[in-house]
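Below, subunit A partners subunit B and then partners subunit C, in two separate complexes.
Take a look at the complex of A and B:
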């Protein structure tokens, strides 16, 4: 059974990359708003499903379908903020109200997709263009390589955005202290909208690179949200490096426990280990960007 | 330049400001003194837009700004050095300054860089600390950064909330000297302080607040000579001693 280990590790890393992207998305929204976006996984599902529809049903070339699928998902992310977050924000709602709203979004979106597209899993062709890579006894497929490269690219692009652009720094300032950000002339509402747009963009990109590997369907978002949320907590909420490490930890744990213990109890085992990790490091492995929330919304 | 009429602020049941009217003339250095809880911070919150006015009006440079969104006020020329300095600790000194100019992001970078250099000349210690995280600065340095950050927006009116708080007198004296210099160059300042003596020495005109109302106003030198007994009473009245 031990000769399976390398394959499981590689599989875990590939899944972990998607969880990491999701954890980064959850962290982005958390940093600007202090709330957990329980609809984050739906952006992954939408990115995959919309691209699959544009490619399969509308017959668009793959690249066009991908761009369209990603763009539409970002629109959904921005609308989510505009319709469900901002009106509550302006009335000073409590945090749990937003969380409930986002649960509602996470329930309604899959239902809409099911009504519009159906219950069948959909997929589209792998991108190609990259070779499969032989790692010892394991082959990393070309699409799996895409997943890893895109994850790394997303990480560095975001890092650059936050460290080098004024807009990125303004978002960071908003995360550190909304009140001070507003005093500096930063439109906090715009930053919140942007964090939702970025979170949807990340989700859609994740969905697009991942779907050719395992296909996707209307109800694929929930487990993505949970695993991304777990990754964000393990890594330290809102910390990008932590999100990557957290995603990998969860991906690998899941892959190994599912294979070695049972596909039924795999999740239970994963969560048991996570529980152990959190008992030892209750704040996650990395420091969050914000140690203390400075004030309520 | 700034004309506040009958301004009201309340937090739920608590009335923090009751019909406050004050003015700041072009290039004037005005003080607001009063004990803890008198409503000084609330006034600056309303002027900067962090808190909604519950009544009355704020007119800045002939424009009614009472309900102008907070982020736009910076662009109009009102900047604040908040109570407790409130630098962005996880960001560097340079990044704090850069963000102070956020409303000027359409301007050429070179213009903003020149202003930044001027501010670093004003507070040379900040130049030495440029790449450090703001959280690692001393209290006085953080106060300088908070002032420098506000100046980066090129304000015409600078609001200062208890700039002396927690600073050694020598350090604050240095900061005051810089503020006087900025004022001499034409910047209007509205400084809120518990420390009546320092405020009356620095400003040309002052208001005395007590439980959300203006109980006295006049030229600072007159208040200093004639009215300081009364000023002190206003402090004692709220169970606080003056400096």
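Take a look at the complex of A and C:
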């Protein structure tokens, strides 16, 4: 039993990376809008599915298929904001309306994918180009290494974006106080659109690096959303460093519970832990970037 | 001068329509309308939660499942009387809702939505896999007909009347709730939480009460469902059911008393007419309620009420 542990840990870290990316995506939208993005997991599914289609059915080279898949997912993210969120925003809709709307998006997207592509899981080849790494008794496959490297790269790229660029700072300002940001001349609506675009970009990147490991299918999004949300809760909503820690905690927990408790109830265990966490630490182990204010959504 | 029905007249028209329907509609239409009544029961409870307390649950399909399974297991495996099983099922589900809601509803934001979604996933996973107790994918066949004091509701038509009797009682109860002190507190809460709290509304307690009440409604509907079909199966209560419930709320009109009833009756027919296109039901209901959120924010009932009042349709709400 104990000799399994290193393998499970490494597996958990790799899965944790995807949850971390997801948690960061959920946090980005939450920061600019105060909305929990119920469609975040769908971006992961879309990134993987679209790339797999472009590669497998359209016969494009892998790199082109990846770029295409990511670009299309970002377009979907931007359209979601433009067509479904902004109209509600402009009419000053009540906050549950956004949650309902994003849930509708999370319902319709996978069903459209099912109609277009079918119910079968799809995948595409591993990227290659990186060696497999031997860590003691455990082998980290080349694709798993890609997952980890891309997650780290995404983390530092986003940090640089928020700390160094004017646009990033404007988004951060919007996150901290929307009203003051508007007074300072920041185009808040555009920041909201940006946050949806970025969230979709993150999701797509996550989906693309992860799909060669386990494949993906039309209904993979919901559990991705829930796991990402669990990671975001542990890490404190919108806190990027926290999201990484949260992702790893959930990933490792899931990997261990699947092995030692039951593969059938693996997801159930995660959800139970998520529930327990919310009961004990409703605000996570790390501080959220912003506390949700009452008069704003 | 436009004629406006008052509530009493409307309720009498409703009762007359419900009583008369089986005589004109025929057997299969009556079965569909009975299902509409079941959905209406859940929607009435959810409407109190979303429309008046401003909180969201994506897990009321799971409370229906709890009610149905509890009734099924207690009557089939343990030979309880249907009424006792129903009472235990609804009370138990209410307790589960309390355990979930009490900690989560202390927290701001829409954590309840996410938690109830996770809860529903767990319930569906467990109900289809815990074969020894729930019968797994086969479910629980042979659930007895519902009976009270020896009177058996042994036909679909009798069940139709029972279901709609419960629906109308809960519907009228929702009028009472909304007009009560508790209902006013609830509406204050939905409108502006801080203001409500500063006026002495115990915000957290109010929210928990309404969440538990709505879960009890859902469990009651689930329990009736089990006796109506004489069969329980986890796939009856999957995510599609929740999506249909949300469509009922939004299309009917969230925060209007008649909305859930009208939505349930309308959409049960949409669902029924899908027939062999049932595969697309999630897609259709998703588009339907997403579209309604954008273009019919007050729902059918809210829109009609506004027109009857003569305030026009330009008022913005929702």
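One rule holds for everything that comes next: the second predicted complex is superposed on the first by the 278 of 297 C-alpha atoms of A that agree within 3 Å, B and C clash if a C-alpha of one lies under 4 Å from a C-alpha of the other, contacts with A are read in each partner's own complex, and residues count from 1 in each chain.
Following the convention adopted for this analysis, a residue touches a chain if its C-beta (ideal position, glycine included) is under 8 Å from a C-beta of that chain, and two chains touch if they have at least 3 such contacts.
Treat the numbers as computed from the prediction; the structure is a model and nothing was measured.
Once chain A of one complex is fitted onto chain A of the other, the partner contacts of A:59 are absent, as it touches neither subunit B nor subunit C. With both structures placed on the common chain, the touch criterion links A:125 to neither subunit B nor subunit C.
In the superposed model, A:166 lies in contact with subunit B only, and not with subunit C. Among subunit B and subunit C, the chain that touches a larger number of residues in subunit A is C.
With both structures placed on the common chain, the touch criterion links A:179 to subunit B but leaves subunit C unconnected. By the touch criterion stated above, A:187 is placed in contact with subunit B alone, subunit C being left untouched. Annotation: subunit A has no residue touching subunit B in one complex and subunit C in the other.
Across the complex, subunit A is touched by residues 48-50, 69-75, 80, 82, 86, 88-91, 95, 98-100, 102-103, 105, 149, 153 of subunit B. Partner subunit A is touched in their complex by these residues of subunit C: 50, 54-56, 58, 100, 103-104, 106-111, 113-115, 117-119, 121-122, 125-126, 129, 190, 193-194, 239, 243, 246, 250, 280, 282-283, 285-287, 289-290, 293-294, 297, 316, 318.
Within the complex formed with subunit C, the subunit A residues making contact are 34, 36, 38, 84, 87-88, 91-97, 99-101, 103-105, 107-108, 111-112, 115, 222-223, 226, 229, 233, 264-265, 267-268, 271-272, 274-275, 278-279, 282-283, 292, 294-295.
Contact residues of subunit A toward subunit B in the complex are 166, 169-170, 172-173, 176-177, 179-188, 289-290.
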